[in-house]
């Protein structure tokens, strides 16, 4: 079971490279096995070309301790654990420094839903966290990065808005599986790029009206969904 | 005959991927056989890599009912049918969420003819529809998407302006064949990108004067055309 | 001799595709044999994937008549002939609708020399022509396109500024060989892109001062050149 | 030993092409052997496709004279020597005309640290040199290019800010090895692109606060670094 998950996490990490979302050793993807209470995550700073499925690191969801694997896990592991702990329905997380989403994070702007492409995947704006305080940076920085994300989702459904911009930093996306978390990273980068271009054309473009936002999100999600094949 | 059309529609859909106009399962292309009164269209939500020619779905041009194929057709099928019904000279349609055309649709701006590249393919601005009303969104949303496109072309020749931006949504293009509809999607994305960059350089650039617009469109289209090989 | 030139012209046209400077059947490259007084040019509207060296068309430099080849030459042939006639030192021409250079042509702006990359290849701004008059558009449009380019170079050395933007249309580049003409099209597109980005950062950036412009152009061109290998 | 370094320098130069940082024969990378007091550098103006490891040129670090190789060294060799002489801890240098970094150099703007991606690699803004004086351009231009870089780093640590923009020209990056110098060129281009996009979204974005800048740079560099594998 964990072998299968290691392969999935490995595949998801490599897809980040293929989709052009990461450079060098940047980025990381993980999955959680909630029965075993284990997080499977990319090792820290290993070149993607040399990475193998067996390099994936096993970390306890409860203690954060390494419980399997020869390598040190991603430095961002405490952020992943914080998200898995708070968002109990998610199964995978992807973190990239993709160009456009990172630029919006640096500009500390949430991404308004300007069109159907956005509404098909995010049920409202993609939120942006507050900046971390100096004390939150000095101690347990990565854990506190998770904390400000969770704080931002206090009144939001993480599966209806499967991603966030961490102010000054970059995006995190998630979903029920790590494969879909990576797919959300792909989608996020594209809708951010569309939003940039939309603003370039018209600085005062207004977000989608609620009826359209509902229509498109619910075409693809929930009981009334009619996009895709029924048996899927 | 329909087997050949299924292959053509399949090829056209895959070309959308190769040209970088669609991501994941986004986008769709279709063709119509007006003798058989059948629309051949991409199935809904099937990954492009797994799609085969035999997955194309046959839908009645008159009733919109599935009349062949094992899968559910694209959710946008009612839009395609509305266009085939109103624009009787077209034979194929392509729908993408290509980056630049979608951004202009989100900004709700028609695309002015700023240069010859535009004039070679579109005989005037690429129009943008009005926004749908809430009642048009709630019921028969996809059919009404077709309705607002047709409404916008009341005084326009669909073959002389083979594409449109649906406000808040994305572009549709068409032509006499599905292959050429996809080619128009490729051209549209490029001229939109040129228009964005032109505006970036000079916000008050004026559209092409009429004499140039005529010259370039008529070099390639109509009886006086002298571009290309005579026997083509 | 002409066989060799047909191969060169064919290769140059295909390189326009590989470098991303043309889409579909857009663009064309040609070479001249001044002894034989023959222009070798791409056929009109033939897909690049189906084009073969033997499809290149031979046209008289003096009369513009086809003197070899089975296909109709590029519709822009009269422009090429006008340039070969006026610029007696050039041996090859490339015409593209490359994204950035075309956007500047649409904005009707010459490209100021903002940096060394520009100065390495163009000894001053890349000029932009005036717009054609209606009478020049109605009759002999392509020949008159050549005329306004030549007019713009009245006081300029075509080899020191091996390219131009035709207002509302797109760029032409040239050089002593068709291969180098294509290389200048590659360079032009990149320096235009750099100029766009430079202006985005600072609308009031001033062009390079004369001493730097001279230094860089003369590092690569003329008797004092010291870039590259001596025997080259 | 020098054979190994020639191979490394050759590999580094080819990587500049693969990463899309150079066109045609633009750009160059070099390494220094401080024991032998030899600089190994790319030959001038040789097409990358024809370049071989044995074409790398050996130049004396002390006199600038060619001491090995059949070809003339890069015209920028005196700049490299000036940097190796002043920055005694660096082992390799890369020079490109990469699109975004060159545009910022042309706009004569230093690159503020807008986010963690920047802070992971550059401990503060990427500096921009002053413009060269006419006398510095006329005589020993390339050496003086090195001089203004060194001047700009009077109070800066070259390993903590491993790159610079030369005003009106383009970037230079460096590191302890030529491979890492090229990696810094890759990183620089990406963070510049992020900075451009950030400014497009918000002209008045402020740089990262000091606590975050410190945190991220020191996660990866120095004694307290905890990114990557311990034994690396």
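By written order: A, B, C and D. Residues from 1 in each chain.
Note that contacts are C-beta pairs under 8 Å (C-beta built on N, C-alpha and C of every residue); 3 or more make two chains touch, one makes a residue touch a chain.
The shown structure was predicted, so the numbers you read here are calculated from the model rather than taken from an experiment.
Considering every other chain in turn, none proves to be in contact with both chain A and chain D.
Where chain B touches chain C, the two copies mostly use different residue numbers: shared numbers make up under half of all numbers in play. With angles rounded to a multiple of 5, the C-alpha fit of chain C against chain D returns 90 degrees of rotation. Separating the centre of chain B from that of chain C, both taken as means of CA atoms, is a distance of 33 Å. Computed from the mean C-alpha positions, the centre of chain A lies at a distance of 47 Å from the centre of chain C.
Residues of chain C in contact with two or more other chains: 200.
Taken pairwise by the contact criterion, the protein chains form one closed cycle in which every chain touches exactly two others. Touching chain B in their complex are the following residues of chain C: 23-26, 43-46, 71-72, 75, 97, 99-100, 102-109, 131-132, 134, 137-138, 141, 168-170, 196, 199-200.
For chain A in complex with chain B, the residues that touch the partner chain are 114-117, 183, 186-187, 190, 193-195, 197-198, 200-202, 205, 208-209, 211-212, 215, 219, 226-230, 232.
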